[in-house]
Amino acid sequence: MGRVVIDVMPKPEILDPQGKAVVGALPRLGFDAFTGVRQGKRFELEVAGEVTPEVLAQARAAAETLLSNPVIEDVVSVRDAGAGEVASA
Amino acid sequence: MSATTSGHQAGRLDTVSRAEATPEREQPWAALGLKSDEYDRIREILGRRPTGAELAMYSVMWSEHCSYKSSKVHLKVFGDHLTDAMKTSLMVGIGENAGVVDIGHDWAVTFKVESHNHPSFVEPYQGAATGVGGIIRDIMAMGARPIAVMDSLRFGAIDHPDTARVVPGVVSGVGGYGNCIGLPNIGGEVVFDPSYQGNPLVNALCVGAMKHADVHLANARGVGNLVVLFGARTGGDGIGGVSVLASETFEDSGPSKRPAVQVGDPFQEKVLIECCLDLFSADLVEGIQDLGGAGLSCATSELASAGDGGMLVHLDRVPLRDPSLSPEEILMSESQERMMAVVTPANIDAFLAVTAKWDVEAAVLGEVTDGDHLVVQWHGETVVDVPPRTVAHDGPVYERPYARPASQDALQADVPTAERLARPGTDEELRALLLRMVASPNLCSRAWVTDQYDRYVMGGTALATPDDAGVVRVDEETGLGVALSLDGNGRYAKLDPRTGAQLALVEAYRNVSAAGATPLAVTDCLNFGSPEDPGVMWQFAEAVRGLAVGCEALGVPVTGGNVSLYNQTGDQGLDSAVLPTPVIGVLGVLDDVRRRTPSGWKVAGQNLYLLGTTREEFGGSEWAWAEHGHLGGMPPAVDFAAEALLGDVLVQCSRDGLVDAAHDLSDGGLAQALVESVLRYGVGARVWLDELLERDGVDLFTALFSESTARAVVAVPREEEVRFTDMCTARGLAHLRIGVSDAEPGQEPVLDVQGRFSVRLAELSAAHTGTLPKHFG
Amino acid sequence: MRIGVVTFPGSLDDGDARRAVRLAGAEPVALWHADADLHGVDAVVLPGGFSYGDYLRCGAIASFAPVMTEVVAAAGRGVPVLGICNGFQVLCESHLLPGALVRNEAQKFICTDQRLLVENADTAWTSALTAGTEITVPLKNGEGGFVADTETLDRLEGEGRVVFRYVGPNPNGSLRGIAGITNERGNVVGLMPHPEHAVEEGFGPTTDGLALFTSVLTAGLAAVGA
Amino acid sequence: MGRVVIDVMPKPEILDPQGKAVVGALPRLGFDAFTGVRQGKRFELEVAGEVTPEVLAQARAAAETLLSNPVIEDVVSVRDAGAGEVASA
């Protein structure tokens, strides 16, 4: 059983209300090291067999169409979880 | 996962024949919460030791939560006080998923309130969300379309750090589920009191409507009819203690981790509602039951015991989210958003076509048999073979000892007299007190909460928060609709549980009539501490009796409800229990919801009348608590005849168009009612109270803050004045003109107590609305 | 005139939209998300709700429904299309309208009676209103913050394509207070507030919302003729 | 300027309605390779200077308290984005 991981983040220039809320809350809890936070999404897609190049291609297409909205988000990476964490998109 | 399955195949499965063959096998009945005599009784019923699956079923169905073993003997009182007159509009009474009330024109409504207290403390968002989801399924199971929800919430002290964790989570959970499922939230309560620290109360109400012919009941009739499970897949949710069994059965391939909390999927439930309504309208369902607490154990045993035969269920056909679940766990799982239906073989294809249209997964699990046992099989082997009634209805019944606590006398003797608790002396002090009171945790504006709830969805909301009652339309043609109010007061109930329950009832009754609706029926959620404490049990017994007597006096039957016990944070008995908190919902009917009476005045120049009389009653009052942290004395007296008369008059006023606004008086007294009414639409008021002080023999402080019952303020248009006062006189209802609604052109609106003090609405509003945002952001 | 109202799984305000259509004097036609067919309607409403739970992004999954292929094609022919709340989100996800809607700035769902400034009364859905006037209708959303890049915002404003703007405190953090926009042709309008909840005396804060549904009675037929 | 990446996923045993919605939508769009989807969160935290061990410790603490709900979520990884994508929690 294989797994593909897809990371999607809000575009840097787009308002990210959730990230903003987090960055406001951190110092109140004593976490003062951080100057900015952005909150995105991480998808884990399971496949029955191995993560073949075809599977990765499908995952990439799904990431660009369904899993992200190009107006506000960037697909940061699409990768085979088994193959270690290697940025790929 | 496949290891587990092979585990079953390897013959570790605790089947009925294995149980017969191994009578001496030790079973973890104690870990499952059973007492030894209860376990013995199960063996006696079955004539052998139970299988693991049977033990699981009995243990959960005989739990306090499902069997009402501590409360049953007391709840009988409702039946004792049910008169024939009260039965006239009752189509289905206590005992079904929810009661059903005839509201005329071939329409019926069903409503019920349920608690989700403990889960809402553990995980506030999901606990509250799944609480809303659960009560909605109860209403669906009656054949109704859910049309509105309400929520009654109680939290610890407003400034306690944990309250800041629980409140936002619970509120967004109630909203998250209700908003996403598309039911208007039309009212509820928010109360802060330290006794709920560590044990918040989250009670959710749902109301649904249907035509008379669409009323469905939970029973499995007709040999050969099919038993269908549909909705979400079954996961390991809420099986907690039952994992003891699973680990016993599958020593070497222990099950995967079980979730600590349940997560709700309101989208799945929305689709389930529409799917069910399609099924009902195509007449494809013989019997139906929701899956809530105790999941499949409850649904199968209740359906079978209400039927006319037995039932055979193939448990391995249950669609699973987690394939490692054992049969015991599947029977026990409390996964949300599932329903069970009984369907004729002729209808099954049509049934499955409807579920497919809605993308709802469905599985035919088995059928109604001509035996009288509930038989559950796992891959062809029998793991349960029981008389279903013994699981669903013949659970243990306890006559728990109860006794009036020794401390009760001292509590009631601690009357908040003027000597004991300082009262404001000057007009300036009264003015300052008014501003403090409207900003206090229990009297301040609830908008921070209710603005997170959709009150408009479905387009039939005629009144919602902050009006006295929520009002929704049932029938678009006639405008027929219902009004609902949900009320409780734990402080009153602590001082005197019997009166406290009645005070909750009369307040909800008054709210509903103030909106112009004729009160028709009652639901209740009884939140108390541990039944093992005789003092708590006394509170419970007293409250139930008070409620039953009150319902009889007002002629409104209890149609159903919920008991929640063990609401406490330590084992200090009464001292660690929450305030005894009966929460009462009253449902009323309006022939045309457009005639409903709002609670604030919209136009200037209308005369304001106070209905009812005022006495010095500060026991358990908001003033004593907010200003002095004091709780003692007796709560306000209840007068059912006065409440009934007031209610009658208010309903007639709505019918005949005699008043433009009506607001009941309760917590915080006249002052609070006036403030809420002026702030509702920003129209001020000039009030004179000298006549009232003289007539009722009270001082201005008492007139403003006493919590005497059976009172309301109404706004009467000038042209209706004579008709209105004539009617009050003829009916013998005390009425007194105490002011006029007021908006001087070009001037800032004020609330003016003539000759004493005056407050600008802007200042009132700032005080009233500031409190919750200050604490919760 | 026949106006279609699409029901997606999770649509909530479809019944209300149909009622509004009826009260405006048109015939409501229920359209199903899985049908690749508009049944010859003269205009389409995408109603509010939480299609597919809105779990991924609001309106994202719904924008791929078979019926949307037809809606997009019809919009291209000039058929009036109105997206309310979730419907607005679907229109953005379908690229019939620019921009996107994100989580409210205050991170909370908000339900309130919202004042709106009518800025464009020349669209298919606003011709019965008057530019420069105010209306009040319910607003209820958790993800109603309108965002777009600066260039898009400038273009929307420059071309007069901002149809409604919030009056008073910005309720959800929408950039430039934008509550509703239209496409270049003026036949597609999307807005976060809910006109369909303000069409009947006694239910909702006003009856201001009815004007959107009466507007299309004249505009719609002209467009279909075109 | 440094960056810490935190991944949070719903616990495997917990119902994930979001992943469920996605896994239902994928095949309708022709993506048939995937048997399961879970949707989690990815946070990117910026720091003014370098990602020191102290910063990482703060990030880890924030991940466990503010950024995840331990009742229903697991912190899958907390890592220095600059140091390549190395799973670390």
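Read from first to last, the chains carry the letters A, B, C and D; within each, the first residue is number 1.
Heads up, the rule we're going with is that a residue touches a chain if its C-beta (ideal position, glycine included) is under 8 Å from a C-beta of that chain, and two chains touch if they have at least 3 such contacts.
The structure displayed is predicted, hence computed values, not measured ones.
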Between B-C and C-D, which chain pair is linked by more C-beta pairs in contact?
B-C
Could you give the separation in Å between the centres of subunit B and subunit D, each centre being the mean of its C-alpha atoms?
38
In angstrom, rounded to a whole number, how far apart do the mean CA points of subunit A and subunit B lie?
41
Quick check on subunit A: which residues sit in contact with 2+ other chains?
66-67
Multi-partner residues of subunit B (at least 2 other chains):
265, 267-268, 359
Multi-chain contacts in subunit C: which residues touch at least two other chains?
52-53, 55-56, 61, 64
Which pairs of chains touch each other?
A-C, A-D, B-C, B-D, C-D
Partner subunit A, residues of subunit C touching it in the complex
56-57, 60-61, 64, 92-93, 98-100, 102-105, 107, 145, 147-149, 173, 175
Touching residues of subunit B toward subunit C in the complex: what are they?
172, 175-176, 179-182, 265-268, 270-271, 358-359, 450-462, 473, 476, 593-594, 596
Touching subunit C in the complex: which residues of subunit D?
17-18, 20-22, 24-25, 28-29, 39
Within their complex, state which residues of subunit B touch subunit D.
122-123, 126, 232, 235-237, 256-265, 267-268, 321-322, 335-336, 359
Residues of subunit D touching subunit B in their complex?
10-17, 20-21, 24, 69, 71-72
